[in-house]
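Chain IDs A, B, C and D follow the sequence of writing; residue 1 opens each chain.
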């Protein structure tokens, strides 16, 4: 049993710090894969049947942490557009960071288990999940996959604990869906041998303002090929690196987002990923992150269903009937529950294939796109159940709606994934 | 020519106070009903052809005020959830308040012209339009329609100037879609003859925290019938009236919303509307407000189209093509432009009928529902064009999306209007 | 008053031949523009208010003819895939053919009145409307607009009576959405001066198997420019013209459709339209036909609403409640009635503009696309109300659904019109 | 290895009778669960990975039979509205009937394998699948589950061979979604002891005109409880049983449908199912049939995708580009492929649970509803790709569209399943 698991099996460890929740939802029945004799609206197609005991235990621990530790602070954090970096330390302690990596203090769980963790976090908030995904999939992931032994040993253990925070610099102000046109450049240092100078700007970078280490994708001046660099903030001379926060976001306000400006920032060659070249590097990381989003957004959708159901059962109109009794309300719940159940099964299937090395990027495109689209669509429809009350942020569903719109646009906007799929189906590309 | 019109014809009056806009849109071609020989994407089905010279002039003045005076402050106001009551004074000065009322310092314009004013305001922000609608349709409206001569003379001229602010208290915490079940009660004052004591709570009341006069709908204890009262804040003894603001809204953040708590608040009989009884009173006001929403939301949608189009023309991806060249983007624009054009024509038609006394409430239900639904739907789809950048509030479209969701739920949630229409079509009611 | 009108005013003329209908709908209240005090589900936004007395009378006569003469035979005609050419004679007698043309035995009614006629016919069946549209808009139209005086006098009077039947040959097997690439060629006759030889194939040509005169668009060999020819079947030497019917259609089975094969078919220069060159010719005709479709499909949709409403009121399930009482059913009816009302207003508006020479092709694209899309979508949704019974052709709605799908694809498939609109909105073309 | 399997392993057995197909699709890669390294548009989420070797073999044999034997005749059968009862004999020979039953000459395959058989058949035509489903799930199913040993031995072996044809009489003219209100009655025979007299009418009964044995659900006069009877046509006195065919259907024209009229039809008590009472009996059968539909419709959808893709690759417009290169076309294909992949995974999951006795009826409601809805929706959207050519029945997609609409309405109309799910989610019923 992994080290993580042993912790998962003493969940009381967290109990001392439980904050009482004013608007807590009925606790989910996290575990139990026992024979299904009754329909369970929280898991309509019994996806739990597909999980191992270990995966169920991991899911339960992650859910418990998230409901007990994250949920109580998200309302205020979202209002204030504030991200507490301690959350990453807590996640590290709970074993949630880089969880699918084996070694370096990481838990070494299955791909599906990794997805269950993102689902637990995103059930609370997509912003919290984003902060974790960046750390796990977009920074620890490429270091583990592409890094040298030195790089791994230097960064992974601290990152697993949440003591070192990472961010992922790919997107540029003028190049979103088309990273191959990036302008950030790495040129050999004219004076200092074995060093590159990095210049360029990245934007919409989760965690950038608080990151200790920044994965920067830049074109090598000599070759025009894209390479990955680990920029260690503490080694950057003053004026060569700045990471201003972007404020007043419409969504993901419980995460922190910023830009990265590099101006002749010197980076030793030892900090470059040794072999990976071109878009294969960043796309491989994105693939993992997208997988996490696919299962993660199902958590957000499930939370919307639970909230809408509770509201519909409690809200009475017209002769004291709970509005849950109305056909138009029931159809919204039925549609959402169906899409959540289908999306969960698809994500588990792709997770199993990914774990066996059989998943293609198009499969990830398919589930990332569909699950984000459906989570967003249904969250919006469920929001209608709240009527005028939906405008109050205390019901939580407006926050999910705003967040899920962002998940639909990042890491491959929905239409772009359509065209990736369209290319795979027809053999013809339609991007231009 | 009305007094309003004469002002409309010297638009330079406002020029001194124009704030330069950093993110101003190309000025709309407000007026001109000249022969259409070219397709105009801002008015695809030439609705201008249906307007009188006077209506075109009113529209132009309103648009100019809104673009020059309101647009520059909305971003910050929305961020800060702040509503400046001076806006009502400015609107009063410009002649926008109670504009369809004839006399009492009001402009006496046509129903359609009144709708063009709401469209101009909502092109900037649905919250600003809400504040104005409450003043015009929900307070000045019933005073004019149901009030005594004394009530009219006491309130309308000040309200037309925006010096007296009103609010409309119908919705209660437990009775949204079903106001007939309201619990607010008016009972004869046990000591003071000719007075009622009002008790009860209202919620989601636009303008309540800043209102000078509150239209309160309450059941008469003796009869159980709903009656309307003008509660004058300055006459309320301490502790009998409170109007706390509701903060942290998901939308309409540039408007101010609150509750109303009445605790044995004494109101003279002279402040009761003399004849109107039952839901006819509030529903008549809502009818006018809903008409304003139907045309107003078309303004918000048109602004989304303009913003998305501009973005799509400026944003380049994949070999330097503007994304406006992509089929998937063009379809979104075409769909939205179509719904805006159709919704505008429908609203003008109903406005004409309303002006002639031929509009039924179901017609208003139809256009309120459809135009809110379509504005919201298309705004969301257009938001996708902005990709990851949509998360920045500076592009304005996220604000419209959040606002339009609220317009869909208030003054008759979309599904409720479906059932009103369903009843009218089938003769059978399906509310319970 | 036009000659047509005088006939419209003695509707009893048709009475003798009225077939009793087993499944007739409650007669529509065709006329009456009296004050609207009650919501009329058949005309929810009182579009009748926008019509002249003359237009109302024309509409009434056309509706009467269609309900009394066409409705009784459509079920069998559709089953047998049979089109009775006598229908065109009857339509001619009733004054419905080429109705907007002034002179040559045509009625000279307004553009909107022309649309009301198509609506009346399509309320019965889109196939019947197609047969009429081809005669009126696609053959009489270009002869009137582009023809020489001789051509007009030779063909229009007989066509107005339905004694001469026409068809319109533009689409080719390999060139549907892109007629500019047509392959049909006209080359100077090598022996016979003043003659062309036409060769090529056209497909999906309504009326071709029964047409007396065929408008053929072909490229002039010398110039490569598209020109229009009137091919008179009786003048074609054996073997130079064939017009086989296409059978086993999925929709429009009450119309007749075929191919046109021309093999060195000699046509005198006098039969060429003298001036029009390029796609302007065919597109101008299509513009008129598309206008007719835009209002016509609203008739089919209205018929679906009427049929679904009747069914829902009569069908009882679960404790004897008519299913019209269910929220999910009412929403379908409300949505459909709304789209029908909106589409009708938009079509009337564009008709007015067209009558004044102010309509642009993009306006027609907009209403053709939207009205076909919405008619189809709502017809499909309404069909669900019939449950398993929908599979029976006697309820008529399946026929409308099948027909409306075809209207969505012909005379500009929906997506193509999106791109026409997208080009007009953005200034960029996205066809390739 | 089952007897069925041994046959599956000598597929050449069928080869002699292969009809050459003019419009055959590229043969699907039926088998092979080898490592997925490339995206397979025919199985985007590698559902094959979830199947056993045996299931893959069964699927392959079934697909082969259907493509080689059924596909060549469906076009004409659909045109003529003709069902050849020999098809059931062929299916019996191939081992497809009652395949999940163990013993009595049936193959005894897994629930999922049973679904793969329906998928193979429905890939050709939903009507053929309907005929088979009735035989297998609705007649053999209840005989096996509820019948006496004598009943099983008398009917199952002949039915497995397709020599005895069955039908299922539940739905009545006035009771579709609400079978509990049925009016068909069984009363004790006044003269003949041990016999019942059955009277009543059933409608929309697949196979009824050709059925040898009819499962009739009727209320026992004495108890008012619903019981099931096996009505053997050859034992019915003249005039007591008639089963007229219903013609002129809008869909499922390759299946045969009829009514059942019973007039004091004598049935021995030995032909009653001994224990099952109430709606549990018919609902249990429907549950199995619905499972087959859920996976079956995915076959129809996959065939639509394959046909649309082929068409889009072959059809060239605008400068010779295949229309498969257009974004609007690719999006349609991507959406459809996604829904097919998701629906397949969900159906396999529920099949596994059902095989283990863990599936609840609500799970079946969920996948029946969603898969029918999505198959229909996507088939319609894909049909648009064919433009005007879609009207020709030779492209096959119009037939699928018409069929799939029927599958959405039978065995629980989509809205009814919504309300079943809504009840399961909320605990409140909204049927009345």
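Throughout what follows, contacts are C-beta pairs under 8 Å (C-beta built on N, C-alpha and C of every residue); 3 or more make two chains touch, one makes a residue touch a chain.
As the structure is a prediction and not an experimental result, all values here were calculated from the model.
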- Task: Tell me whether chain A and chain B, two copies of the same sequence, contact each other through the same residue numbers or different ones, using over half shared as the line for same.
- Result: same
- Message: Counting C-beta pairs in contact, which chain pair has more, B-D or C-D?
- Response: C-D
- Euclidean distance of C-alpha centroids - chain B vs chain D, Å: 53
- Item | Centroid spacing, where centroids are CA-atom means, of chain C and chain D in whole angstrom | 39
- Task: Among the residues of chain A, pick out those that touch two or more other chains and give their numbers.
- Result: 326-328, 331, 415, 418
- Note on the structure: Given the complex, residues on chain C that touch chain D span 79, 171, 174-178, 181, 204, 246, 248-252, 257, 316-319, 321, 328, 380, 383-384, 386-394, 398-399, 401-402, 405-406, 408-410, 413-415, 418, 431-432
- Residue set of chain C touching chain B in the complex reads 35-39, 41, 44-47, 49-50, 309, 312-313, 322, 324-327, 329-331, 333-335, 337-338, 341-343, 345-346, 349-350, 352-353, 356-360, 362-363, 366-367, 369-370, 415, 417-419, 421-430
- Task: Please name which positions on chain D make contact with chain B in the complex.
- Result: 326-328, 331
